[in-house]
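Two complexes are shown next, each including chain A; its partner changes from chain B in the first to chain C in the second.
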Partner chain A sequence: MTPSRLWLQLETVAAWLLGILWALPLLYAFWAAFHPAAYAVKFDLAAPLTLANFIEAWTTAPFARYFVNTILYTTMTTALQFVLCTLAAYAFACHDWKGKDLVFSLILIQLMVMPDQLLVVNYQTMTALNLVDTIPAISLPYIASAFGVFLLRQNFKQVPIALAEAARVEGAGPLTILLKVYVPLSKAVYLAYGLVSISWHWNNFLWPLVITNSVTTRPITVGLSIFGSPENGVNFAIVSAGTLMSVAPLLIGFLLFQHQFVHSFMRAGIK
Partner chain B sequence: MNPKIARHVYGWLLFAPAAIFFILFTHYPIVRSCYLSFFNNPRGVQPRRFVGLANYAYLVNDPIFWQALKNNLIYAFGTIPVTVSLAILMAVWVNRRMTGRAFVRAAYFTPTILPMIAIANIWLFFYTPGVGLFDNLLKSMGYSGRNWLGDPDTALLCLMVIAIWKDAGFFMIFYLAALQGIPKDVIEAGKIEGAGRWYFFRRVTLPLLMPTTVFVVFNALINTFRIIDHIFILTKGGPDNATELLLYYLFQTAFEFWDTAYAAVLTVVIMAILMTLALAQFKVLERRTHYQ
Partner chain C sequence: MQIEVRGVSKRYGKVRAVGNASFSVEEGQLLVILGPSGCGKTTLLRLIAGLETVTSGTIHIAGREVTDLPPDKRNISMVFQSYALFPHLSVRENIIFGLKVRKVPGQEIERRLARVIDLLGLGDRLDSKPGELSGGMRQRVALGRAIIAEKPVTLMDEPLSNLDAKLRNSMRREICSLQRRLGIGMVYVTHDQIEAMTMADRIVLMRDGSIIQDDVPENFYEQPANTFVARFIGTPPMNIIPLCATTGGAALEPGGEILFPGIDGNRFKLGIRPENIRIAEQGRPAVVTGQEYLGSDTFIACEINGHELIVRTRGRKTMLEGTRVHLTWDPHTLCLFDAQTEQRLESLPPGRKEG
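Coming up: the complex of A and B.
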């Protein structure tokens, strides 16, 4: 065997070891969730499997309601982002209007300072609008997304002008051209942006924590933080079960569509 | 309508829906935070009063602010080099054919898609003194355990380990994309020249990954002013402010102490840091383009 082959095999072993190390915390959470609390740190292969922790977690906290809230908030945010960012990106990529360049650079400020850091004033605004502790309030600060406008604009710019011209000659108006030419040709970007946005908002915590204060609005991350906080005194097996339950939709989605996820994050990250 | 004017009107109409929300939740709060930072808090019926730089004077003399800034720097400079090195290593490993590549890649990437709150819940148990996993491992090896999160010397480190675990796989994918973008003829040329794997990596791959590294480092820096969720579960800024990061301090000031004026000052400071970072990134990228 040549030295370089040996070297490559050593690399494979190292890659595996690091992979196992990286998977351990999650695997450990699975272990704790599916075994009685007594086995939390006793790794006995003969330990009895149980679903009791999941049942206990499900009945202790209103997880079903948290799920509904999260799904509502995430869907609403992503859908509105699609609409607003598509229209804005279309204006920036395919139309020529006064003040366009200045406005575009003003939008890019949001790539540096995000609503996450502006929560104090945004909270006051929501109070003034009488929206505190509502699901739209979690969504609204994020629906005009500089990132989304930027991503879609880049993509619209790559669509050949000839296609839009051909549609125009056939008598299509600007909105028809957007919906029949630009949007269908950008499916891959919408998929990428959608996946990134959904997982981002599913995981979002600080703003939802600030703006919600009841079970009927709280998303799963905020619910989970209350459920898992040490003051609550719930044992680790049950916390693990609750934690796994709340990440399950995302985790299953990721494992099924791993390829799309990785490619979406790649595509969305490269500007 | 005159078609020349119609063009401008149409552009603005398309942009208008987004514009409303950009102004309301990004630009207005930026301006408003700056404005509020020069006023005191309204007390009962007494409206807020202009106080000049008094809030900023308070900031300069606030030891917790300086501690939070220092912690932020330690957190950033402690995690980013490790995260970036691991991300490159992971990308190089996963980029070539090997047994079980799909599993390894999924293992690296999975922490990225989990919410920080869930991750903190899991790690909390690792760090729990006495009954936690780490203490149990230490005990089984004959060492005594310690209060990882309760000790100012180790608490921030505990948070940093979690950040590294979560982010390395995320940054890996940007390196993976960059590696796949390296032209095939460059790789072929390296093989013909007989360049060793390490030599080729150091002299060819690493320089070609430089733009990605700039992107990743700045994003990681920005993240330290954005992702503080684990602090809520693990330490709440303690013990003795050892894990106080700037954004968490802003949260506490605004929503635990209800000191809106001082919260505005902290917002301004965070905004200033983020804008400086963005300008620095822009300068670095601009300078680099000359070499390409």
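Coming up: the complex of A and C.
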């Protein structure tokens, strides 16, 4: 065996180990959720399977409402991001105007600011807008995504100018050119960005926790945390069932779009 | 008059891409803008299209001033060098893109589409994406998109430069016959003198942003405005050799036989096309320095007084390097250029003598 092959095998083993280590919590959640509470900390292959934990979790907390809230919040955020970032990216990639570089560098600076740092300021803004404890309030701080503007701008810049010029000669105005040339040619990027954005906002916790305080607005992450907090007494089986329910849509989505997902993260450099 | 360009200039900062260009295109005429790379052909075409704004000058299309109008208000269609087909649309959608944007009624679109498909033979590829087509087919689609607009003027920027030589020949003829049949005015940009000579009703030759000569093709060959034109048109190009002053007139070499009596040889250059020189028993003595066999012709390089002359002979000729030969020509075919300005003299100085 040559040293390089040995190295390759070591790498494979290491990759598997890391993967299993990373997946353990999820695997544990599966174990605990599908077995009676007594088996939550006891491994026994003969343990009986059950769905009782799911039923109990579903009935003790308003999960259905939480799901609706999360879906509303993520679709609203992603849809508004698409509209806003597309328009901004178009302005940056395809049009010349005074101060363009300055504005763009300001947007890039936004990339460096962690959203958590702005928690207080954002809360004040939402108070001023009288939007505290509403679903739009969870979305608003994210819709002007610097990352989205940057990603789409890079992509629009790769579209040959001749295409836009050809469309112009054929009588297309700026908006038609955007919608009929640039957007369709960037379909793959929209899909990738959409997936990243949806998964990120589905899992978002801190800001929703701060800005919401009622069942009608709370997304599932916040709901789950209340459901699983020690005041309610810790039942690992039921908490696991609740957790699995809340990540299920994402997990299924990931399995369906696995290829695009991996691709998009590689392309996007991870946010 | 279909297009009239008057005193048009275009500057990019310090770079003058087009300087004071004036020319016109008659109805149904095919005008070729010809010139070496970087001379401003594309810029001039884009100025006519309205994709660039002029620094000064005016442009009229179909009798209307369009200098400040956007491209879609100029009543033109355009074919781009890269074809600029929309990769996400099918051939059909590409061709009718403009009609749909302009909200032409569906029936009218179908009628025009049927005609264009018929003209270009695209019938069985309507649902393909441009990426699935060969270069020649893509070219046809780009042509189709220009033709279906039914504009009186079509602008083309080196539309054949991405095709191989054989396809280029056939597409050249196709474009020409389309243009004649449809009776559209066309401005066609190329750097290929053969395309220019074969297609053009009129040629505008540019160099460094300026128009050097604006003429019918045959005059470019027979009466080039200056040595640049003379050497740009024709393969191999015209031979240009400086004359020498000798007692009594101008000759090819000091003390040689006088070609033009009574003129100062140092002030002129002689021009002669390779096919107008013959190798004969008598004439100017020259030495063979090389040859190129092309099948139908052989180009023989000769040297007189250190200056190279290419001679074109029919068929296959073998001549060893260093062979002494005699060259002769018909004096009508000689051109005389001013050595300083490089301009051709309209009439030969009197008293010329048979060579």
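Simple rule for what comes next: the second predicted complex is superposed on the first by the 248 of 271 C-alpha atoms of A that agree within 3 Å, B and C clash if a C-alpha of one lies under 4 Å from a C-alpha of the other, contacts with A are read in each partner's own complex, and residues count from 1 in each chain.
One rule holds for everything that comes next: contacts are C-beta pairs under 8 Å (C-beta built on N, C-alpha and C of every residue); 3 or more make two chains touch, one makes a residue touch a chain.
Predicted model, so just to flag it, every value in this text is computed and none were measured.
Q: Looking at the combined model built on chain A, do chain B and chain C fit side by side or clash?
A: Aligned on chain A, chain B and chain C fit with no clash.
Q: Taking the superposition on A as described, I'd like to know which of chain B and chain C A:257 touches: first, second, both or neither.
A: Neither partner.
Q: Using the superposition on chain A described above, determine whether A:67 touches chain B (first), chain C (second), both, or neither.
A: In the superposition, A:67 touches no partner, neither chain B nor chain C.
Q: Which holds for A:185: it touches chain B only (first), chain C only (second), both, or neither?
A: So A:185 only meets chain C here.
Q: Could you figure out whether chain B or chain C reaches more residues of chain A?
A: When the residues of chain A touched by each partner are counted, B comes out ahead.
Q: Now for A:31: first (chain B), second (chain C), both, or neither, which partner does it touch?
A: So A:31 meets neither chain B nor chain C here.
Q: With the two structures laid over each other on chain A, which partner does A:172 touch: chain B (first), chain C (second), both, or neither?
A: In the superposition, A:172 touches chain C alone.
Q: Which angle, as a multiple of 10 degrees, do chain B and chain C span at the CA centre of chain A?
A: Value: 100 degrees, nearest 10.
Q: In the superposed arrangement, which partner chain does A:162 touch: chain B (first), chain C (second), both, or neither?
A: It touches chain C, and chain B stays clear.
Q: Thinking of the overlay built on chain A, is A:15 touched by chain B (first), by chain C (second), by both, or by neither?
A: First partner only, chain B.
Q: Working from the superposed arrangement, determine the closest approach of chain B to chain C, counting only CA atoms, in whole Å.
A: 9
Q: Which parts of chain A are in contact with chain B and also with chain C?
A: None.
Q: Can you list the chain A residues touching chain B in their complex?
A: Going through chain A, the ones touching chain B are 4, 7-8, 11-12, 14-16, 18-20, 22-23, 25-26, 28-29, 32, 40-41, 83-85, 87-88, 90-92, 95-100, 103, 106-107, 109-125, 140-144, 146, 149, 174, 199, 202-203, 205-206, 209-210, 220-221, 224-225, 228-230, 236, 239-240, 242-243, 246-247, 250-251, 254-255, 258, 261-262, 265-266, 269-271.
Q: Under the stated contact criterion, what part of chain C meets chain A in this complex?
A: Per the touch definition, chain C meets chain A at residues 49, 51, 70-72, 76-78, 80-82, 84, 86-88, 97-98, 101-102, 145, 149.
Q: Which residues, counting only chain A, touch chain C once they are in their complex?
A: Of all residues in chain A, those touching chain C are 160, 162-163, 165-172, 176, 180-181, 184-185, 187.
Q: Give the list of chain B residues in touch with chain A in this complex.
A: So the residues of chain B touching chain A come out as 7-8, 10-12, 14-15, 17-22, 24-30, 32-33, 36, 86, 89-90, 93-94, 96, 98-100, 102-126, 128, 131-133, 136, 165, 168-170, 173-174, 176-177, 196-197, 215, 222, 225-226, 228-229, 232-233, 247, 250-251, 254-255, 260, 263-264, 267, 270-271, 274-275, 277-278.
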